[in-house]
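Shared between the two complexes below is subunit A, which pairs with subunit B and subunit C, respectively.
Right after this comes the complex of A and B.
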């Protein structure tokens, strides 16, 4: 998969990396059970600090997007793609709420918000940045 | 306005406070030009550390939701409610994208995502948590 890091973003690099792995899963480019490079190999490949890759991996592990199996490797988690539980949608609602508030302050109508959402889904699926 | 802080949330308290002020603006409870309490008064009122309120205010100031006018007070920013520019929607898209990726991994369809969005808008407008 192709990882693109914005050096001047306010989003920390480890988080950009983690988010792009999640996008890879969302697009179906990465599938449960697929293996990811070791921290060392990924860092060398991306020209990044190993600490940064390590931090991204721990973030992804905590969110059950990857599983780190000692001496075996790093794998896309079996639970990375699944049907949403009520707990999942409750968490998503909570996380989305502050941004939706900001959108409402910008006078976006429900239709405009839905159009924005459709744009984002399309960008993710097409890999457009 | 009524501020409700979840002590056991993973969202830092200053950010919960800031987000609830933004929600107040989104709901129209707080209008551009309205004044907010001083850091000291707000902290006493909420039983919070002044440092926490101060951090929330600086976050809100940076995002142009409030204006801190020395010796005059703290006011809801004239630009807090405005028509979205292209820059605004680009920023929103960027901020929403990681969460929409996660929603796609949870197999939420576009319809389910839109329903989730409508729920959030309703919750914000009704002040439901």
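Right after this comes the complex of A and C.
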């Protein structure tokens, strides 16, 4: 699976990395147990600092999307696709809040928001971006 | 004889240098990153053509003069060697000069006309690249090393029966033309030198695995396949060099121990075979594989995309020749103007490697 990083984006690079890995899992392109490149190899491919990759991996590990097994490598977490726990839902709620606020400022109705949501879900599943 | 060898060598290196732009990716010309929107620019194509023409004209004129001079004055062998070597450096300098001129012109053009403006710069990574990469395992490289160490020990075990003068240099005709007094060190010199070269080749193979893949955003699938193939062939080439060097040097080691079993014509034949194999392999690597495998035909085609280009990494390439990137953990990177590999001079590991390599070679030559 290819990951594409935009250099001039306002989204930090580590977040771009992490978000694309999560999208890969959502699409099913990355399956539980699949291995990811080592921090060094990933950073070399990017031509960027290892710190950036480390940050992305820790972000993903915290959300239980990947598992870092020392000396063995980095793997997509067995529980990367799971029933949301209370903790997961709380976190999503918190992270969605600023987006929803922005939508409310733009006078989007709940229906319009719902349509937007359906659009995005379809996009992810059908593999377009 | 010397004139013929030198002229052949000079014509070969000069011609290869002249046609070099032909074997390189279109996304990098004269050490400058060229965005996809500009790769078919007539001016760049013209620059490459005139580079080839200028190098062929000046180079062949100078080599012609060299041949003419040697026919006319019939110089001593050492004079021919000296002038021939000087000419090699002059030709190198001339090619560098034409390279530099084109490099500067291209940088200026790119800046003035703002090539790639309005395009989004993207860096592509393939998450499965390392899994699909098929380099020869490092363990293969250990076997010739063991053979060399075996011959080294064998040489030392025969110390008492060795002659008092140990050969240290062979001429083009296969005859020994320099000797050293017999000491434990002079008996070990050849295997030690071979060991340094072998370790270097093993080290390169190990480093290649860690080297960053450069996947192009507009041809992700094609460039990935080409990169995988390029690295595979690079690994094979390293292994072939390792095997042939071990064989040739192992042979020489045996002639030192059992001089009576071999003749100088065998040595000449072995050397010639060595040169031909290395030459053939390098030609295949340059012509058939090309820079980053860009000359390999690929069936898999990418859907065309607009609006995106690769990241401009000119700032990491000094003069378009030396890669200096402190952030990049790669020690070995693909050459930008040439087919092959170079080092990341922004990485402290590259400097340690160079110091150890040069240091050990200098040390051996001083002790001898």
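The rule is simple: the second predicted complex is superposed on the first by the 127 of 129 C-alpha atoms of A that agree within 3 Å, B and C clash if a C-alpha of one lies under 4 Å from a C-alpha of the other, contacts with A are read in each partner's own complex, and residues count from 1 in each chain.
Just so we're on the same page, a contact is a pair of C-beta atoms (placed from the backbone, for glycine too) under 8 Å apart; a residue touches a chain by one contact, two chains touch by 3 or more.
On a predicted model such as this, the values are computed, not experimentally measured, just so you know.
With both structures placed on the common chain, the touch criterion links A:78 to neither subunit B nor subunit C. In the superposed model, A:90 makes contact with neither subunit B nor subunit C.
Applying the stated contact rule after C-alpha superposition, one finds that A:46 touches subunit C and leaves subunit B untouched. In the superposed model, A:19 makes contact with subunit B only, not with subunit C.
By the touch criterion defined above, A:104 lies against subunit B but remains apart from subunit C after alignment on the C-alpha atoms of chain A.
Of the two partner chains placed around the shared chain by superposition, subunit B is the only one that A:113 touches, whereas subunit C remains out of contact. Within the superposed three-chain model, A:2 lies in touch with subunit C and out of touch with subunit B [touch as defined at top]. Counting the residues of subunit A that each partner touches, subunit B and subunit C differ, and the larger count belongs to B.
By the touch criterion defined above, A:62 lies against neither subunit B nor subunit C after alignment on the C-alpha atoms of chain A. If you check the complex, the residues on subunit B that touch subunit A are 19, 22-23, 25-27, 63, 65, 80-84, 88-89, 92-93, 95-108, 110, 112-114, 116-121, 123-124. Those residues of subunit C lying in contact with subunit A across their complex are 120-131, 209-213, 215, 217, 220, 311, 313, 316, 325, 327-330. Per the touch definition, subunit A reaches subunit C in the complex via residues 1-8, 21, 24, 30, 35-38, 40-50.
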